[in-house]
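Two complexes come next, and they have one chain in common, chain A, joined by chain B in the first and chain C in the second.
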Partner chain A sequence: MVEADPTRTAGARLSGRASSERVRLSRLALAQALAVEGVIRADSGPLGTQVTLDGRERLAGVTAAALPEGRYGVTLHLVAQLVPLHELGGRIRARIKRAASLAGIGDALGPVDLVFEDIADSPEGVV
Partner chain B sequence: MLRAIDRLIAFLLLLAVALLGVATAVFAIQGDSRALSLPTLARHLRLPELREVLDDFLSHLEAGGPVAWASVGGGAAAIALGLLLLAGALAPRRERLVVLEEDGESRLAARRRPLAQIAGALVEQVRGVTDERTRVRPRRVGSGGRLMISAYHSRALSSPEIERQVAAAVAPLADAFSLRARVNARRGEGRARVE
Partner chain C sequence: MPEETPASSHRPAKPVEASPLQTEHGSTTIVDAVVSKVAGIAAHEVAGVYALGGGATRAFGAMTQRVGIGDERSQGVTVEVGEREAAVDLTVVIEYGESIPQVTNRIRENVIRRIEGICGLTVTEVNVSVNDLHFPGDEDVPEPTRVQ
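For the complex of A and B:
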(Lines of atoms letter the chains of each structure in order from A and count residues from 1; the text may use other names and numbers.)
(Lines give C-alpha, C1' and ligand atoms only; values in the text may rest on other atoms or scores of the structure.)
Protein backbone atom coordinates (compact mmCIF):
# COMPACT_ATOMS: atom_id res chain seq x y z
CA MET A 1 0.00 0.00 0.00
CA VAL A 2 1.37 3.40 -0.94
CA GLU A 3 0.80 6.22 1.51
CA ALA A 4 0.92 9.76 0.27
CA ASP A 5 3.42 11.99 2.02
CA PRO A 6 1.32 14.93 3.17
CA THR A 7 4.31 17.28 3.22
CA ARG A 8 4.99 16.61 -0.46
CA THR A 9 1.52 17.26 -1.81
CA ALA A 10 0.98 20.66 -3.35
CA GLY A 11 -2.31 21.12 -1.53
CA ALA A 12 -0.78 20.49 1.87
CA ARG A 13 2.13 22.84 1.17
CA LEU A 14 -0.22 25.54 0.03
CA SER A 15 -2.53 24.99 2.98
CA GLY A 16 0.29 25.15 5.52
CA ARG A 17 1.85 28.28 4.09
CA ALA A 18 -1.46 30.02 3.52
CA SER A 19 -2.65 29.19 7.01
CA SER A 20 0.33 30.82 8.69
CA GLU A 21 0.00 34.03 6.71
CA ARG A 22 -3.73 34.06 7.27
CA VAL A 23 -3.27 33.58 10.98
CA ARG A 24 -0.57 36.26 11.14
CA LEU A 25 -2.88 38.73 9.44
CA SER A 26 -5.78 37.78 11.69
CA ARG A 27 -3.70 38.15 14.81
CA LEU A 28 -2.27 41.47 13.68
CA ALA A 29 -5.68 42.87 12.68
CA LEU A 30 -7.24 41.79 15.95
CA ALA A 31 -4.45 43.24 18.08
CA GLN A 32 -4.48 46.53 16.21
CA ALA A 33 -8.27 46.86 16.38
CA LEU A 34 -8.32 46.20 20.11
CA ALA A 35 -5.67 48.87 20.62
CA VAL A 36 -7.87 51.58 19.10
CA GLU A 37 -9.64 53.77 21.60
CA GLY A 38 -13.38 53.11 21.47
CA VAL A 39 -13.05 49.39 20.80
CA ILE A 40 -13.87 47.33 23.87
CA ARG A 41 -13.45 43.78 22.71
CA ALA A 42 -13.87 41.38 19.84
CA ASP A 43 -16.90 39.12 19.68
CA SER A 44 -17.03 35.61 18.29
CA GLY A 45 -20.75 35.83 17.63
CA PRO A 46 -23.69 34.07 19.26
CA LEU A 47 -22.59 30.66 17.99
CA GLY A 48 -18.89 31.29 18.56
CA THR A 49 -18.12 30.79 14.89
CA GLN A 50 -16.39 34.10 14.18
CA VAL A 51 -12.95 32.85 15.11
CA THR A 52 -9.60 32.06 13.55
CA LEU A 53 -7.96 28.92 14.82
CA ASP A 54 -4.24 28.89 15.34
CA GLY A 55 -3.44 25.43 16.55
CA ARG A 56 -5.12 25.24 19.91
CA GLU A 57 -5.52 28.97 20.20
CA ARG A 58 -8.75 30.67 19.15
CA LEU A 59 -8.60 34.23 17.91
CA ALA A 60 -12.14 35.28 18.73
CA GLY A 61 -13.86 37.91 16.63
CA VAL A 62 -11.67 37.76 13.54
CA THR A 63 -11.83 35.75 10.35
CA ALA A 64 -9.63 35.90 7.28
CA ALA A 65 -10.56 34.49 3.91
CA ALA A 66 -8.29 33.94 0.94
CA LEU A 67 -9.10 36.01 -2.13
CA PRO A 68 -8.42 34.99 -5.74
CA GLU A 69 -5.57 37.47 -6.15
CA GLY A 70 -3.60 35.97 -3.27
CA ARG A 71 -4.64 38.43 -0.60
CA TYR A 72 -6.75 37.83 2.49
CA GLY A 73 -9.94 39.62 3.33
CA VAL A 74 -10.16 40.20 7.06
CA THR A 75 -13.44 40.59 8.93
CA LEU A 76 -13.48 41.88 12.48
CA HIS A 77 -16.48 41.55 14.79
CA LEU A 78 -16.20 44.17 17.46
CA VAL A 79 -17.95 45.59 20.48
CA ALA A 80 -17.43 49.33 20.61
CA GLN A 81 -18.21 52.19 22.89
CA LEU A 82 -20.91 54.69 22.01
CA VAL A 83 -18.76 56.66 19.59
CA PRO A 84 -19.13 57.68 15.93
CA LEU A 85 -18.67 54.36 14.19
CA HIS A 86 -17.64 55.79 10.86
CA GLU A 87 -14.56 57.53 12.24
CA LEU A 88 -13.81 54.59 14.49
CA GLY A 89 -13.83 52.29 11.47
CA GLY A 90 -11.47 54.60 9.62
CA ARG A 91 -9.03 54.64 12.53
CA ILE A 92 -9.10 50.86 12.85
CA ARG A 93 -8.49 50.31 9.15
CA ALA A 94 -5.66 52.82 9.00
CA ARG A 95 -3.98 51.25 12.00
CA ILE A 96 -4.25 47.72 10.61
CA LYS A 97 -2.92 48.80 7.24
CA ARG A 98 0.04 50.58 8.80
CA ALA A 99 0.88 47.67 11.09
CA ALA A 100 0.62 45.17 8.25
CA SER A 101 3.04 47.23 6.15
CA LEU A 102 5.48 47.46 9.03
CA ALA A 103 5.25 43.72 9.57
CA GLY A 104 5.99 43.08 5.90
CA ILE A 105 2.63 41.51 5.12
CA GLY A 106 0.94 44.61 3.75
CA ASP A 107 0.67 43.06 0.29
CA ALA A 108 -1.28 40.13 1.70
CA LEU A 109 -3.84 42.35 3.39
CA GLY A 110 -7.04 42.64 1.40
CA PRO A 111 -10.24 44.44 2.32
CA VAL A 112 -10.94 44.85 6.01
CA ASP A 113 -14.62 44.43 6.87
CA LEU A 114 -15.79 45.72 10.22
CA VAL A 115 -18.95 44.55 11.91
CA PHE A 116 -20.03 46.22 15.12
CA GLU A 117 -21.76 43.49 17.03
CA ASP A 118 -22.70 45.51 20.07
CA ILE A 119 -22.33 48.79 21.84
CA ALA A 120 -21.15 48.97 25.42
CA ASP A 121 -20.89 51.74 27.98
CA SER A 122 -17.62 50.56 29.40
CA PRO A 123 -15.28 47.58 29.17
CA GLU A 124 -17.17 45.96 32.05
CA GLY A 125 -20.74 46.23 30.98
CA VAL A 126 -22.41 45.74 27.68
CA VAL A 127 -25.55 47.83 27.36
CA MET B 1 -42.89 34.54 7.53
CA LEU B 2 -43.05 32.83 4.14
CA ARG B 3 -39.67 31.28 4.80
CA ALA B 4 -40.91 29.86 8.11
CA ILE B 5 -44.00 28.39 6.40
CA ASP B 6 -41.72 26.93 3.72
CA ARG B 7 -39.61 25.24 6.35
CA LEU B 8 -42.63 23.89 8.18
CA ILE B 9 -44.16 22.47 5.00
CA ALA B 10 -40.82 20.99 3.93
CA PHE B 11 -40.45 19.37 7.35
CA LEU B 12 -43.97 17.94 7.29
CA LEU B 13 -43.53 16.64 3.75
CA LEU B 14 -40.23 15.00 4.62
CA LEU B 15 -41.81 13.46 7.69
CA ALA B 16 -44.70 12.13 5.62
CA VAL B 17 -42.33 10.72 2.97
CA ALA B 18 -40.17 9.11 5.66
CA LEU B 19 -43.19 7.50 7.36
CA LEU B 20 -44.50 6.30 4.02
CA GLY B 21 -41.06 4.86 3.21
CA VAL B 22 -40.91 3.03 6.52
CA ALA B 23 -44.42 1.68 6.08
CA THR B 24 -43.65 0.53 2.53
CA ALA B 25 -40.45 -1.16 3.70
CA VAL B 26 -42.23 -2.94 6.55
CA PHE B 27 -45.14 -4.07 4.39
CA ALA B 28 -42.78 -5.35 1.70
CA ILE B 29 -41.46 -8.04 4.04
CA GLN B 30 -44.08 -10.57 3.01
CA GLY B 31 -45.70 -11.31 -0.32
CA ASP B 32 -49.18 -12.22 -1.58
CA SER B 33 -51.92 -10.92 0.71
CA ARG B 34 -50.32 -11.77 4.01
CA ALA B 35 -50.19 -9.41 7.03
CA LEU B 36 -47.01 -7.59 5.99
CA SER B 37 -47.62 -7.36 2.25
CA LEU B 38 -48.18 -4.32 0.03
CA PRO B 39 -51.85 -5.26 -0.78
CA THR B 40 -52.50 -5.29 2.98
CA LEU B 41 -50.93 -1.83 3.27
CA ALA B 42 -53.16 -0.62 0.44
CA ARG B 43 -56.19 -1.99 2.29
CA HIS B 44 -55.08 -0.28 5.52
CA LEU B 45 -54.75 3.00 3.65
CA ARG B 46 -58.17 2.40 2.05
CA LEU B 47 -56.71 2.81 -1.42
CA PRO B 48 -59.47 0.77 -3.18
CA GLU B 49 -62.14 3.09 -1.72
CA LEU B 50 -60.03 6.10 -2.63
CA ARG B 51 -59.83 4.86 -6.19
CA GLU B 52 -63.60 4.65 -6.38
CA VAL B 53 -63.99 8.16 -4.98
CA LEU B 54 -61.40 9.42 -7.46
CA ASP B 55 -63.11 7.72 -10.40
CA ASP B 56 -66.39 9.31 -9.35
CA PHE B 57 -64.77 12.71 -9.03
CA LEU B 58 -63.08 12.49 -12.42
CA SER B 59 -66.32 11.52 -14.16
CA HIS B 60 -68.02 14.56 -12.56
CA LEU B 61 -65.10 16.71 -13.65
CA GLU B 62 -65.41 15.60 -17.26
CA ALA B 63 -69.10 16.38 -17.25
CA GLY B 64 -68.52 20.03 -16.31
CA GLY B 65 -70.66 22.00 -13.85
CA PRO B 66 -69.92 23.00 -10.24
CA VAL B 67 -67.36 20.23 -9.62
CA ALA B 68 -65.30 21.41 -12.59
CA TRP B 69 -65.42 25.03 -11.46
CA ALA B 70 -64.46 24.06 -7.92
CA SER B 71 -61.53 22.13 -9.39
CA VAL B 72 -60.44 25.16 -11.40
CA GLY B 73 -60.58 27.27 -8.24
CA GLY B 74 -58.65 24.67 -6.28
CA GLY B 75 -56.02 24.43 -9.01
CA ALA B 76 -55.61 28.19 -9.17
CA ALA B 77 -55.30 28.39 -5.38
CA ALA B 78 -52.69 25.62 -5.42
CA ILE B 79 -50.70 27.49 -8.10
CA ALA B 80 -50.90 30.73 -6.09
CA LEU B 81 -49.81 28.92 -2.93
CA GLY B 82 -46.94 27.28 -4.82
CA LEU B 83 -45.79 30.64 -6.17
CA LEU B 84 -45.94 32.16 -2.70
CA LEU B 85 -43.89 29.31 -1.22
CA LEU B 86 -41.43 29.60 -4.10
CA ALA B 87 -41.08 33.31 -3.41
CA GLY B 88 -40.49 32.54 0.25
CA ALA B 89 -37.75 30.07 -0.63
CA LEU B 90 -36.05 32.17 -3.31
CA ALA B 91 -36.45 35.74 -2.05
CA PRO B 92 -33.17 37.09 -0.65
CA ARG B 93 -32.91 36.81 3.09
CA ARG B 94 -33.10 40.10 4.91
CA GLU B 95 -29.60 41.21 5.83
CA ARG B 96 -29.03 41.20 9.56
CA LEU B 97 -26.45 43.91 9.24
CA VAL B 98 -26.95 47.54 8.43
CA VAL B 99 -24.20 48.62 6.09
CA LEU B 100 -22.71 51.99 6.86
CA GLU B 101 -20.13 52.09 4.14
CA GLU B 102 -19.37 49.84 1.21
CA ASP B 103 -16.70 50.90 -1.22
CA GLY B 104 -16.73 47.85 -3.44
CA GLU B 105 -14.15 45.93 -1.46
CA SER B 106 -14.50 46.48 2.24
CA ARG B 107 -17.54 47.36 4.23
CA LEU B 108 -18.41 48.83 7.57
CA ALA B 109 -21.54 47.42 9.12
CA ALA B 110 -23.33 47.12 12.42
CA ARG B 111 -25.91 44.78 13.79
CA ARG B 112 -29.42 46.02 14.32
CA ARG B 113 -29.28 45.86 18.08
CA PRO B 114 -26.40 48.31 18.67
CA LEU B 115 -27.92 50.72 16.17
CA ALA B 116 -31.25 50.54 17.95
CA GLN B 117 -29.41 51.13 21.21
CA ILE B 118 -27.69 54.22 19.84
CA ALA B 119 -30.96 55.51 18.44
CA GLY B 120 -32.65 54.83 21.77
CA ALA B 121 -29.94 56.73 23.63
CA LEU B 122 -30.39 59.70 21.28
CA VAL B 123 -34.17 59.64 21.68
CA GLU B 124 -33.99 59.51 25.47
CA GLN B 125 -31.96 62.71 25.46
CA VAL B 126 -34.89 64.63 23.97
CA ARG B 127 -36.56 66.72 26.64
CA GLY B 128 -40.05 65.46 27.39
CA VAL B 129 -39.50 61.87 26.19
CA THR B 130 -40.34 59.44 28.97
CA ASP B 131 -39.85 56.14 27.18
CA GLU B 132 -38.94 54.87 23.73
CA ARG B 133 -39.02 51.81 21.53
CA THR B 134 -36.68 51.64 18.57
CA ARG B 135 -36.45 49.06 15.83
CA VAL B 136 -34.06 48.85 12.89
CA ARG B 137 -34.96 46.96 9.72
CA PRO B 138 -32.17 46.67 7.17
CA ARG B 139 -33.05 46.58 3.50
CA ARG B 140 -33.00 43.23 1.74
CA VAL B 141 -30.41 44.43 -0.75
CA GLY B 142 -27.88 47.22 -0.59
CA SER B 143 -27.22 49.52 2.30
CA GLY B 144 -29.58 51.36 4.61
CA GLY B 145 -32.95 50.45 6.00
CA ARG B 146 -35.68 51.77 8.21
CA LEU B 147 -35.48 53.14 11.72
CA MET B 148 -38.82 52.96 13.50
CA ILE B 149 -39.14 54.90 16.71
CA SER B 150 -42.00 55.07 19.16
CA ALA B 151 -41.43 57.94 21.59
CA TYR B 152 -43.63 58.32 24.66
CA HIS B 153 -43.94 61.72 26.27
CA SER B 154 -45.66 63.50 29.12
CA ARG B 155 -49.04 65.19 28.71
CA ALA B 156 -47.51 68.64 28.88
CA LEU B 157 -46.01 68.30 25.40
CA SER B 158 -47.55 67.85 22.00
CA SER B 159 -46.85 64.80 19.88
CA PRO B 160 -45.90 66.71 16.69
CA GLU B 161 -43.32 68.72 18.60
CA ILE B 162 -41.82 65.55 20.11
CA GLU B 163 -41.76 63.89 16.69
CA ARG B 164 -39.89 66.86 15.26
CA GLN B 165 -37.32 66.88 18.07
CA VAL B 166 -36.81 63.13 17.98
CA ALA B 167 -36.37 63.15 14.21
CA ALA B 168 -33.76 65.88 14.59
CA ALA B 169 -31.99 63.94 17.35
CA VAL B 170 -31.63 60.74 15.32
CA ALA B 171 -30.92 62.51 12.03
CA PRO B 172 -27.10 62.16 12.28
CA LEU B 173 -27.40 58.42 12.88
CA ALA B 174 -30.06 57.96 10.22
CA ASP B 175 -28.04 59.91 7.67
CA ALA B 176 -24.82 58.04 8.44
CA PHE B 177 -26.47 54.63 8.01
CA SER B 178 -28.90 55.66 5.24
CA LEU B 179 -31.78 54.82 7.53
CA ARG B 180 -35.23 56.22 6.84
CA ALA B 181 -36.48 57.32 10.23
CA ARG B 182 -40.16 57.07 11.09
CA VAL B 183 -41.08 58.61 14.41
CA ASN B 184 -44.35 58.00 16.15
CA ALA B 185 -44.87 60.08 19.29
CA ARG B 186 -47.65 59.37 21.73
CA ARG B 187 -48.56 60.18 25.28
CA GLY B 188 -47.12 57.75 27.73
CA GLU B 189 -49.25 55.55 29.94
CA GLY B 190 -48.24 54.21 33.32
CA ARG B 191 -44.54 54.57 33.98
CA ALA B 192 -44.02 56.17 30.56
CA ARG B 193 -46.07 59.18 31.74
CA VAL B 194 -43.34 60.40 34.05
CA GLU B 195 -40.16 61.97 32.82
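For the complex of A and C:
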Protein backbone atom coordinates (compact mmCIF):
# COMPACT_ATOMS: atom_id res chain seq x y z
CA MET A 1 0.00 0.00 0.00
CA VAL A 2 1.29 3.45 -0.91
CA GLU A 3 1.30 6.09 1.84
CA ALA A 4 -0.31 9.40 0.97
CA ASP A 5 2.39 11.94 0.24
CA PRO A 6 1.34 15.48 1.13
CA THR A 7 3.62 16.88 -1.56
CA ARG A 8 1.68 15.02 -4.21
CA THR A 9 -1.79 15.85 -5.42
CA ALA A 10 -4.44 13.44 -6.63
CA GLY A 11 -3.60 14.11 -10.26
CA ALA A 12 0.08 13.62 -9.60
CA ARG A 13 -0.52 10.31 -7.85
CA LEU A 14 -2.41 9.17 -10.93
CA SER A 15 0.46 10.13 -13.19
CA GLY A 16 3.15 8.93 -10.79
CA ARG A 17 4.96 12.28 -10.75
CA ALA A 18 5.22 14.83 -7.98
CA SER A 19 3.24 17.96 -8.71
CA SER A 20 5.15 21.16 -9.29
CA GLU A 21 4.77 24.06 -6.90
CA ARG A 22 2.75 25.85 -9.59
CA VAL A 23 0.25 23.01 -9.78
CA ARG A 24 0.03 22.66 -6.00
CA LEU A 25 -0.69 26.36 -5.70
CA SER A 26 -3.34 26.11 -8.41
CA ARG A 27 -5.06 23.21 -6.70
CA LEU A 28 -4.92 24.88 -3.31
CA ALA A 29 -6.24 28.20 -4.66
CA LEU A 30 -9.09 26.51 -6.50
CA ALA A 31 -10.14 24.40 -3.51
CA GLN A 32 -10.00 27.36 -1.14
CA ALA A 33 -11.95 29.63 -3.51
CA LEU A 34 -14.69 27.04 -3.96
CA ALA A 35 -14.99 26.71 -0.18
CA VAL A 36 -15.84 30.39 0.24
CA GLU A 37 -19.53 31.11 0.70
CA GLY A 38 -20.81 32.98 -2.32
CA VAL A 39 -18.68 31.13 -4.86
CA ILE A 40 -20.77 28.75 -6.98
CA ARG A 41 -18.20 27.14 -9.23
CA ALA A 42 -15.09 27.70 -11.29
CA ASP A 43 -15.37 28.27 -15.04
CA SER A 44 -12.87 27.06 -17.60
CA GLY A 45 -14.07 29.62 -20.17
CA PRO A 46 -15.89 29.17 -23.47
CA LEU A 47 -12.92 27.46 -25.07
CA GLY A 48 -12.03 25.45 -21.98
CA THR A 49 -8.59 27.00 -21.87
CA GLN A 50 -8.63 28.35 -18.31
CA VAL A 51 -7.35 25.14 -16.79
CA THR A 52 -4.28 23.75 -15.10
CA LEU A 53 -3.21 20.23 -15.90
CA ASP A 54 -2.15 18.09 -12.97
CA GLY A 55 -0.98 14.89 -14.55
CA ARG A 56 -4.09 13.54 -16.20
CA GLU A 57 -6.40 15.70 -14.13
CA ARG A 58 -7.74 19.07 -15.32
CA LEU A 59 -8.23 21.77 -12.73
CA ALA A 60 -10.91 23.89 -14.40
CA GLY A 61 -11.02 27.63 -13.85
CA VAL A 62 -7.52 28.18 -12.48
CA THR A 63 -4.22 29.09 -14.06
CA ALA A 64 -0.88 29.96 -12.49
CA ALA A 65 2.18 31.48 -14.09
CA ALA A 66 5.69 32.11 -12.86
CA LEU A 67 6.61 35.71 -12.13
CA PRO A 68 10.10 37.19 -12.51
CA GLU A 69 10.66 37.31 -8.74
CA GLY A 70 10.16 33.57 -8.41
CA ARG A 71 6.59 33.51 -7.19
CA TYR A 72 3.49 32.38 -9.07
CA GLY A 73 0.58 34.60 -10.00
CA VAL A 74 -2.70 32.73 -9.75
CA THR A 75 -5.81 33.58 -11.76
CA LEU A 76 -9.20 32.16 -10.87
CA HIS A 77 -12.26 32.29 -13.14
CA LEU A 78 -15.37 32.04 -11.02
CA VAL A 79 -19.14 32.07 -11.07
CA ALA A 80 -20.52 33.67 -7.92
CA GLN A 81 -23.78 34.42 -6.22
CA LEU A 82 -25.29 37.89 -6.39
CA VAL A 83 -23.20 39.30 -3.53
CA PRO A 84 -20.71 42.20 -3.28
CA LEU A 85 -17.99 40.80 -5.52
CA HIS A 86 -15.09 42.95 -4.34
CA GLU A 87 -15.71 41.87 -0.74
CA LEU A 88 -16.03 38.28 -1.86
CA GLY A 89 -12.70 38.69 -3.64
CA GLY A 90 -11.08 39.87 -0.42
CA ARG A 91 -12.37 36.81 1.45
CA ILE A 92 -11.15 34.48 -1.28
CA ARG A 93 -7.66 36.02 -1.29
CA ALA A 94 -7.38 35.93 2.49
CA ARG A 95 -8.40 32.29 2.60
CA ILE A 96 -5.96 31.29 -0.13
CA LYS A 97 -3.10 33.18 1.51
CA ARG A 98 -3.79 31.55 4.89
CA ALA A 99 -4.05 28.06 3.39
CA ALA A 100 -0.89 28.52 1.34
CA SER A 101 1.03 29.56 4.47
CA LEU A 102 -0.28 26.55 6.38
CA ALA A 103 0.72 24.28 3.49
CA GLY A 104 4.23 25.74 3.49
CA ILE A 105 3.95 27.27 0.03
CA GLY A 106 2.96 30.77 1.09
CA ASP A 107 6.24 32.25 -0.12
CA ALA A 108 5.53 31.01 -3.63
CA LEU A 109 2.12 32.66 -3.80
CA GLY A 110 2.06 35.89 -5.77
CA PRO A 111 -0.96 38.03 -6.60
CA VAL A 112 -4.29 36.25 -6.88
CA ASP A 113 -6.32 37.69 -9.75
CA LEU A 114 -10.02 36.95 -9.83
CA VAL A 115 -12.27 37.04 -12.86
CA PHE A 116 -15.98 36.84 -12.17
CA GLU A 117 -17.36 35.29 -15.33
CA ASP A 118 -20.99 35.07 -14.32
CA ILE A 119 -23.41 35.28 -11.44
CA ALA A 120 -25.86 32.58 -10.45
CA ASP A 121 -28.58 31.80 -7.92
CA SER A 122 -27.48 28.29 -7.15
CA PRO A 123 -25.11 25.60 -8.37
CA GLU A 124 -27.80 24.50 -10.83
CA GLY A 125 -29.12 27.74 -12.23
CA VAL A 126 -27.63 30.88 -13.61
CA VAL A 127 -29.52 34.03 -12.63
CA MET B 1 -40.39 58.12 -30.31
CA PRO B 2 -38.62 56.76 -27.25
CA GLU B 3 -37.83 59.17 -24.46
CA GLU B 4 -34.11 59.36 -23.95
CA THR B 5 -32.95 60.66 -20.62
CA PRO B 6 -30.05 63.10 -20.59
CA ALA B 7 -26.83 61.46 -21.64
CA SER B 8 -23.35 62.81 -21.36
CA SER B 9 -20.26 61.69 -23.17
CA HIS B 10 -18.55 60.60 -19.95
CA ARG B 11 -17.59 56.98 -20.43
CA PRO B 12 -15.33 54.71 -18.36
CA ALA B 13 -11.83 56.09 -18.29
CA LYS B 14 -8.45 54.81 -17.26
CA PRO B 15 -8.00 54.36 -13.50
CA VAL B 16 -6.82 57.41 -11.62
CA GLU B 17 -7.68 56.59 -8.01
CA ALA B 18 -7.47 53.41 -5.99
CA SER B 19 -10.22 50.93 -6.74
CA PRO B 20 -11.52 48.15 -4.50
CA LEU B 21 -10.99 45.89 -7.51
CA GLN B 22 -7.25 46.58 -7.85
CA THR B 23 -5.27 45.56 -4.78
CA GLU B 24 -1.64 44.80 -4.08
CA HIS B 25 -2.66 41.15 -3.65
CA GLY B 26 -4.24 40.88 -7.09
CA SER B 27 -6.95 42.31 -9.27
CA THR B 28 -10.63 41.50 -9.57
CA THR B 29 -12.15 41.52 -13.03
CA ILE B 30 -15.88 41.49 -13.53
CA VAL B 31 -16.86 40.61 -17.07
CA ASP B 32 -19.41 42.73 -18.94
CA ALA B 33 -22.06 39.99 -18.84
CA VAL B 34 -22.08 40.11 -15.04
CA VAL B 35 -22.52 43.89 -14.97
CA SER B 36 -25.30 43.59 -17.59
CA LYS B 37 -27.10 41.04 -15.48
CA VAL B 38 -26.82 43.11 -12.33
CA ALA B 39 -28.13 46.17 -14.19
CA GLY B 40 -31.00 44.17 -15.69
CA ILE B 41 -31.99 42.70 -12.34
CA ALA B 42 -31.80 46.14 -10.72
CA ALA B 43 -34.04 47.66 -13.39
CA HIS B 44 -36.57 44.84 -13.03
CA GLU B 45 -36.74 45.53 -9.29
CA VAL B 46 -38.24 48.98 -9.89
CA ALA B 47 -42.02 49.23 -9.68
CA GLY B 48 -43.52 50.41 -12.95
CA VAL B 49 -41.03 48.61 -15.18
CA TYR B 50 -42.88 46.06 -17.27
CA ALA B 51 -40.02 44.67 -19.34
CA LEU B 52 -36.56 45.38 -20.67
CA GLY B 53 -35.64 45.59 -24.31
CA GLY B 54 -37.37 46.71 -27.48
CA GLY B 55 -40.02 44.68 -29.24
CA ALA B 56 -37.56 42.89 -31.51
CA THR B 57 -35.14 42.27 -28.65
CA ARG B 58 -37.90 40.78 -26.51
CA ALA B 59 -39.17 38.60 -29.34
CA PHE B 60 -35.66 37.39 -30.08
CA GLY B 61 -35.00 36.95 -26.35
CA ALA B 62 -38.13 34.86 -25.93
CA MET B 63 -36.98 32.63 -28.76
CA THR B 64 -33.45 32.20 -27.44
CA GLN B 65 -34.76 31.54 -23.92
CA ARG B 66 -37.02 28.84 -25.29
CA VAL B 67 -33.99 27.01 -26.65
CA GLY B 68 -32.06 27.65 -23.46
CA ILE B 69 -29.40 30.05 -24.69
CA GLY B 70 -30.98 33.40 -23.85
CA ASP B 71 -30.96 35.36 -20.65
CA GLU B 72 -33.91 37.60 -19.95
CA ARG B 73 -32.06 39.44 -17.19
CA SER B 74 -29.58 41.16 -19.46
CA GLN B 75 -31.93 41.77 -22.38
CA GLY B 76 -32.21 45.45 -23.25
CA VAL B 77 -29.00 46.24 -21.37
CA THR B 78 -25.75 47.46 -22.88
CA VAL B 79 -22.75 48.19 -20.69
CA GLU B 80 -19.29 49.58 -21.09
CA VAL B 81 -17.03 48.43 -18.30
CA GLY B 82 -13.63 49.86 -17.48
CA GLU B 83 -11.25 48.91 -14.70
CA ARG B 84 -13.19 50.86 -12.11
CA GLU B 85 -16.10 52.51 -13.88
CA ALA B 86 -19.12 51.39 -15.82
CA ALA B 87 -21.67 53.07 -18.06
CA VAL B 88 -25.06 51.53 -18.66
CA ASP B 89 -27.66 51.94 -21.40
CA LEU B 90 -31.10 50.46 -20.77
CA THR B 91 -34.16 50.08 -22.96
CA VAL B 92 -37.35 49.63 -20.96
CA VAL B 93 -41.09 49.25 -21.33
CA ILE B 94 -43.03 51.08 -18.61
CA GLU B 95 -46.52 50.44 -17.29
CA TYR B 96 -49.07 52.92 -18.64
CA GLY B 97 -50.03 55.46 -15.97
CA GLU B 98 -46.67 55.53 -14.21
CA SER B 99 -44.67 58.75 -14.19
CA ILE B 100 -41.90 58.10 -16.68
CA PRO B 101 -39.45 60.60 -15.12
CA GLN B 102 -40.01 59.07 -11.67
CA VAL B 103 -39.63 55.51 -12.88
CA THR B 104 -36.51 56.29 -14.87
CA ASN B 105 -35.01 58.12 -11.89
CA ARG B 106 -35.72 55.12 -9.67
CA ILE B 107 -34.17 52.82 -12.28
CA ARG B 108 -31.07 54.99 -12.37
CA GLU B 109 -30.74 55.07 -8.58
CA ASN B 110 -31.26 51.32 -8.21
CA VAL B 111 -28.90 50.40 -11.02
CA ILE B 112 -26.18 52.61 -9.55
CA ARG B 113 -26.78 51.22 -6.04
CA ARG B 114 -26.64 47.61 -7.22
CA ILE B 115 -23.64 47.92 -9.51
CA GLU B 116 -21.63 49.91 -6.98
CA GLY B 117 -22.62 47.52 -4.18
CA ILE B 118 -22.17 44.24 -5.99
CA CYS B 119 -19.45 44.98 -8.49
CA GLY B 120 -17.52 47.75 -6.72
CA LEU B 121 -17.56 49.80 -9.92
CA THR B 122 -18.35 53.50 -10.06
CA VAL B 123 -21.27 54.09 -12.39
CA THR B 124 -20.64 57.14 -14.53
CA GLU B 125 -23.98 57.17 -16.32
CA VAL B 126 -27.22 55.26 -16.70
CA ASN B 127 -29.07 56.16 -19.87
CA VAL B 128 -32.65 54.95 -19.97
CA SER B 129 -34.57 54.73 -23.20
CA VAL B 130 -38.31 54.23 -22.79
CA ASN B 131 -39.20 52.16 -25.78
CA ASP B 132 -42.87 51.41 -25.19
CA LEU B 133 -45.75 51.58 -22.72
CA HIS B 134 -47.54 48.51 -21.49
CA PHE B 135 -51.31 48.65 -21.18
CA PRO B 136 -53.28 46.21 -19.05
CA GLY B 137 -54.55 43.50 -21.35
CA ASP B 138 -51.54 43.74 -23.67
CA GLU B 139 -50.29 40.38 -22.44
CA ASP B 140 -50.18 37.60 -24.95
CA VAL B 141 -53.19 35.52 -24.04
CA PRO B 142 -52.81 32.02 -25.39
CA GLU B 143 -55.52 31.10 -27.85
CA PRO B 144 -57.86 28.44 -26.55
CA THR B 145 -57.11 25.07 -28.00
CA ARG B 146 -59.72 23.45 -30.17
CA VAL B 147 -59.15 20.05 -28.67
CA GLN B 148 -59.14 18.91 -25.05
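Criterion: the second predicted complex is superposed on the first by the 108 of 127 C-alpha atoms of A that agree within 3 Å, B and C clash if a C-alpha of one lies under 4 Å from a C-alpha of the other, contacts with A are read in each partner's own complex, and residues count from 1 in each chain.
Note that a residue touches a chain if its C-beta (ideal position, glycine included) is under 8 Å from a C-beta of that chain, and two chains touch if they have at least 3 such contacts.
Just so you know, these numbers come straight off a predicted model, no measurement behind them.
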| item | value |
| --- | --- |
| When chain B and chain C are modelled together on chain A, clash or fit | clash |
| Contacts of A:A60 with chain B and chain C, given as first, second, both or neither | neither |
| Partner chain(s) touched by A:A31 [first = chain B, second = chain C, both, neither] | neither |
| Which superposed partner A:A103 touches (first chain B, second chain C, both, neither) | neither |
| Partner chain in contact with A:V112 - chain B first, chain C second, else both or neither | both |
| Region of chain B that runs into chain C when the structures are aligned on their shared chain, from 19-27, 73-81 or 109-117 | 109-117 |
| Footprint overlap on chain A, comparing chain B with chain C | 73, 82, 84-86, 89, 93, 111-119, 127 |
| Complex interface listing, chain A residues touching chain B | 73, 80, 82, 84-86, 89, 93, 110-119, 127 |
| Residues of chain A that touch chain C when the two form their complex | 73-74, 82-87, 89-90, 93, 97, 111-119, 126-127 |
| Contact footprint of chain A on chain B as seen in their complex | 97, 100-101, 105-111, 113-114, 117-118, 121, 176 |
| Parts of chain C lying in touch with chain A, wherever the complex brings them together | 20-21, 23-31, 33-34, 37-38, 41, 71, 73, 117-120 |
